[in-house]
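The data blocks that follow each hold one structure.
Presented sequentially are two complexes of chain A, the first with chain B as partner and the second with chain C.
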Partner chain A sequence: MKREPILKIENLELSFSQYIQGLKKRELTVITNLDLELAEGEILAVVGSSGSGKSLLAHAILGILPYNARTRGKILYKGKVLSQREKERLRGQEIVLVPQSVNYLDPLLQVEQQIGISLQNKTKEQKEKMNNEILHRYGLDLAVKQYYPFQLSGGMARKVLLATALTSSAKVIIADEPTPGLDDESLGEVLKDFRNLSDSGKAILMITHDIQAALKIADKIAIFYAGATLELAAGIDFAHGGQGLRHPYTKALCRALPGEDFEAIEGRQPLPSELPQGCLFSDRCQLCTEECTRQRPDYRMIRGGKARCIHAT
Partner chain B sequence: MRLRAHNITYGYAKGRKILENVNFTVEEGEVVGLTAPSGYGKSTLAKILAGFIKPEQGEVFLEKPEKAESGYKREPFSMGYNPVQLIFQHPEKAINPKWKMRKVISEVGMPSAQMLKAAGIKEEWLERWPAELSGGELQRFCVLRALNEQTRFLIADEMTTMLDAITQAQIWNLVLTYASEHRMGVVVISHEKILVDRLCTKVVDLTQM
Partner chain C sequence: MKKHTLGKFVLYRLMKLVTLLVALCIVTFVLLELSPIDPVTAYVGADTKVSAQQRELIAKHWGLNKRPAERFWAWFSSVVQGDWGTSMIYRRPVLEVIGEKFVSSIVLMMTAWVLSGIFGFFLGILSGVMEGSWLDRAARVYCHILISTPTFWLGIVFVMLFSVKLGWFPVALSVPIGVIQSEVTLWDKVQHILLPALTLSILSVANICMHTREKVCEVMHSEYVLFAKARGESRGSIIRHHVIRNVSLPAITLQFLSFSELFGGAVFVEQVFSYPGLGQATVQAGLKGDAPLLMGIVMISLLFVYTGNFIADLLYVWIDPRMKEG
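Showing the complex of A and B:
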C-alpha cells in the first residue's frame, strides 16, 4: 500500500557561506544529497552520527536556518513546495519541533507555562488537567510545574520539551534527538507515545543517533552520513546482525552496537570541508574500488529499500 | 588504590536531599556501572567523587585496601593533579573555545604519538579550533587528556551518549584497554542498559541505596 507522503524532500543541498580571511568567502556544503519521504501515520527515523547534518535538516524544514545558509532542492508539504512564508505559517501549528537541546527552554518560564504554550486555545481548567496528565505520565512530580529550567535535571528537562510538543495538535512532529538522558522507563513511555500519535494519523520524523530507540518504533530508518542519505531500510533489516542491510556503512554501524559485536571500524566521518569527490564513505569502505572514488553513486532501489552504493546488493 | 565515598548526603533545594547516606566504592582496575532514573543524583555523585562539589555530609577517600590507614581523605577543590578524572556528556562545554586543540591536549603534558593514534586523533586536528571539530572528535581529546599516568579513576558521565555507535565503540575500546593496562578504575554512568551490561563487571543501582 502506497500512501501519499505528507512531507517530501528531494535532493536537498545546504551550504553556508563563510568568511575565511578578510573579505574572502567560501561556500561550505554540509548537506549534499538528501532524499526523504514521510507519510501520515508513519514514523521515519533519521539515524546518523553527530556532524552529519541531521539537525540542519529539521531547521531547514522549519525555516529557522541562519542567514548565511543557502538551500537547493525541494521541500514539499502536502505536495506543494514550501516557501519561507509558508514555513513560518505552518511551524508551531501544523509542524512542530521537539528541539535537541535543553537550552531551548525559556529560562524565565515555569514548567507549567512552558507546556501551556502549545495549549493556547484551551480553557484554564483544560490546561491544568492536560498539564497534570502529561507530567504524571512521565513520572514527574506535580511540584515540577513550579520549577524553572535551571532547577531541572537533564532528563526532566527532556521530558518537559517532549510534553510541550506532544500536547499540541500538529500533523507533523519533528523530534530532534528526543531520547538522550532519558531513563529506560521514560524512554519506553516516550516511544509508546510516539507510536500512539502516529497511529492516530500524525507523521513523525525522529532524528536520532540512537539506533536501538529507532528500531523499537520506526517504520523506516534513513541512514545519514556526511550530509547524505546512504540507505533507507526497514527495522527488520537490522535483525540477526544486520543481515538485511544494504550499505557497507550501515553494516559497520550495526556491528558497532553494544548489543552486537561492539566492534568499531577505523577512521571518521569526513568534515564538510574535506568531502571526497566520489562516494562519501569510500575512505573507510572495504569494498571501495576505483569507480567509487570517481563520482557519487545514485540513490537506487534495492530489495524494497534504497542505498547509495554501487556495490550494495 | 580504592576510591571510597562514605555516607554522602547532598541536596540542592532546602529540605530535599538528592543523596542521603550513600556509600560507593570502586577498586582499581574495576569497571563499575552506576544507574538510576533521571534526577536521582548520578551526576551529583560523580561530581562529589571527583571533588567538584563539597558534600553536606560524608567524605571521599583514596586508599590502599590492604592498609586502610595509608589512605587519605580527598578534600574537595584540592590543588594539583586530580587522580579522579571526570568526563562529561558534552565535550564542547569542557574545552576552552579560545584554545587550539594542541594547547588543550598538552595542558597536562603532550601524549605520545602512539596514544594519539590509539585515540584516533589526526595530527592536523591539533592545529584546529574546538569549533572546527565534531562532538565525537572533541570527546576523544577529552578522554585522551584524562588518560594520564596520574589518573587512578575515570568517571564517564554519559560519555558517549551523544555519539554514534561506531565512535562509541572506538572510544570505549580505547578506555577499557588503557584501564586494564594501567589498573585504572572506571565508573560508567549511562542510561543505556545494554552498554552498561557490556562494559561493567559490577552495576550499582542508586535507587537501591
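Showing the complex of A and C:
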C-alpha cells in the first residue's frame, strides 16, 4: 500500500553566498540534489558522513537557515509547498526538531523549564506530571529537573533534548544526530521510543551518521553524499552484504561496515567547493565511464528504491 | 554554594582592600609632597600682610615643620584610631565634611547611574535584537559620539542650551540662591540635580548600551535561540525568555564596575555645575593642598569603587548557576 507522504522534498538545493578575499562574492553550494519522501508512521533515516550538510536539511525544513543561505527546489508538507510563513506557523507545533547538541539548550534554564517550553498550553500540574514521566522513562533522577545544561553529562543532555520533542504532539519529528553519547541501554530505549512514536502515526526523519543505529529502526534509508541523496533503500537491502543495494557508493559503504568486510574505499568525499561536473561519486567509482563524468544522473526508480546512477540495476 | 568558599572569598577581598588602601595612602601622600602647592600660601592667599613669622607659626600649628615620614606616620596612626584629622580649608573634621559632601554626591551619582543603566540596557537590547536595522545603526553612531565626548564639555553645552537659552533648568548649585535652607523644597532639589545627573548619565549610557548590544547579538546568533525559533517561539518570547535572561547579569555587573567612571565623571560635572559635592571638594582640596581632606576623599572613593567591583563579583557568584554550582 502506498502511503501519501506528509513531508516531501523535491530537488532541494542549498547554497550560501560568501565573501572571499574582500569583496569578491561566491556561491557555495552545500546541498545539490536532495530528494526525499516521508510518510506518516514511517521512519526515514538520512545517513551521511559528518560535515556533509545534513543538519542544514533540518534547518531548511524549519526555516531557520542563516540569512545568507538560498534554497531552490520544493519542500512540501501535506502536498502543499511550504512558504517561510507556513514553516514559522508549523514549527514547534506540527514539525519539531531534536537538536544535535547541548548547545541548543539555553544555558540559564533548568531542565524542567527547557522541556516546559514544549508544553505551553498545559497547566502547571500537567507539565509537572509529563516532566516527571519522561524523566522516569529515560531513567533520569527527578533531581535532574533542577539541573542547568552545563551540569548534564553527554547522555543526559541527549535524553533531555529528546524529551523536548517527545512531549509535544507534533506530526513530524526531525531528529538531528539523536544517538551519539548514549550507552547501549539508553540507545535501545531511544530507538524503541522512536519506533513507538512512528507506530502511533508520527513521521520521523532521523538525520544521522550512525548507519547501524539507522538500520535498527528505519523503514527507509536515504544515503546522503556530497550534498545529494544517492540512493533510497529499505533497511532490508543492507542485509547479506548489501545484495539488495543499488548504488556503487552504498554498496561500498555497506562493505565498510564492521559487521561486513570492514573494507574502505580510496579517496574522500569532495568538498562543496570542488564538486565534479558529472556524477558526484564518479571520482571514486569503479564503474565510472565517460558518460558518468559528463552530467549528473537522474534519480530513478529501481526495484522499489531509488538511485542516482546510470549503471545501477 | 559551600559556605566556607564564600567566606574565604570575602576574607580574601577584604585583605586585598586593606593592602590597597595602605598603598594608596602612601602614593597619595608622596604625590602631595611632590606637589608645588604650599599649603600655607594656599591658605593665606595673596595676603601680603602675613609676615614670615606668622607663616611659620601656621606651619608649626599644622605640623608642617616635621619630616614627611613623621607626618605620615602621625596621620596614619590617628586614622587607624578613627580620627581622620581636620580639614584645613573647611576647618571641620574631615569625616564630617566628607559625610556631608558624599550625601549630595551620592544622590547625583545614583540618579545618573540608574538613568544610564535603564536607558543603556534597553537601547542595547533594542539595537542588538534589530541588528543591522536603521535603529541599530543610529544607536551605534550615537554611542560612538558619546564615548568620544568629554564630560565637562557636554556639561557646558547643556548649561548653555537648557539653562541659559531655554531656561528649563537652573544654571548651577544644588539649591536656589537666596532661599533659607528650611524653605528649600524637594522640587527645588530635583530641578537642580536633573541636568547634572543627565550629563553624567548620558556618557555612561554609551558604555552599557554597546556592551549589552554586543551580548544580545551573541545570544541572538546562538544555537539555543535557533532552537527556540525551531520550537516556534515568537520573537517576543525569545527576547523575554532567553535574551534578557542571558544578558542581564553581564549588564548589571558592568554597571557596578562603572563606579570608577561615575566618580571620575562626577568630579567634572560638579565642577561645571558648581554642585557642592565630593567632586568639587576633591578639586578644592587638591588646589589648596589640604592634605587631610584629600587623603580622606581618596580613601572614601577607593572604598566606593571597590564596593562596586566587589558587588559585581558577588553577583556572579551568587546569581549565575554556572558559578554557583560549577
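One rule holds in what follows: the second predicted complex is superposed on the first by the 313 of 313 C-alpha atoms of A that agree within 3 Å, B and C clash if a C-alpha of one lies under 4 Å from a C-alpha of the other, contacts with A are read in each partner's own complex, and residues count from 1 in each chain.
Assume a contact is a pair of C-beta atoms (placed from the backbone, for glycine too) under 8 Å apart; a residue touches a chain by one contact, two chains touch by 3 or more.
Here the structure is a predicted model, which is why all the values come from computation and not from measurement.
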Chain B and chain C placed together on chain A: clash or fit? fit
Note to self: Is A:Glu290 touching anything from chain B or chain C once the two structures are fitted on A? First, second, both or neither.
What the structure shows: neither
Worksheet item: Does chain B (first) or chain C (second) touch A:Glu125, or do both, or does neither?
Response: neither
Larger residue footprint on chain A, choosing between chain B and chain C, goes to B
Point to revise | Touched partner set for A:Gln212, first chain B, second chain C, both or neither | key: first
Applying the document's definition of touch, where does A:Asp184 land relative to chain B and chain C: first, second, both, or neither? first
Checklist entry - With the two structures laid over each other on chain A, which partner does A:Tyr104 touch: chain B (first), chain C (second), both, or neither? => result second
**Message:** By the touch definition at the top of the document, which applies to A:Gln93: first (chain B), second (chain C), both, or neither?
**Reply:** second
Taking the CA centre of chain A as vertex, the centres of chain B and chain C subtend an angle, in steps of 10 degrees, of 70
When the two complexes are superposed, chain B comes to within a least CA distance of chain C, in Å, of 8
Chain A residues where the chain B and chain C footprints coincide 151
Given the complex, residues on chain B that touch chain A span 12-13, 36-39, 43, 89, 120, 132-137, 158, 161-170, 172-173, 191-195, 197-199
In their shared complex, chain A is touched by residues of chain C numbered 222-224, 226-233, 241-242, 245-246, 320-322, 325-326
In the complex, chain A touches chain C at residues 59, 62, 64, 88, 90-93, 96-97, 99, 101, 103-109, 117-118, 148, 150-151, 164
In the complex, the residues of chain A that touch chain B are 48-51, 139, 151, 153-156, 158-159, 180-187, 209, 211-212, 252-254, 256-259, 262-269, 271
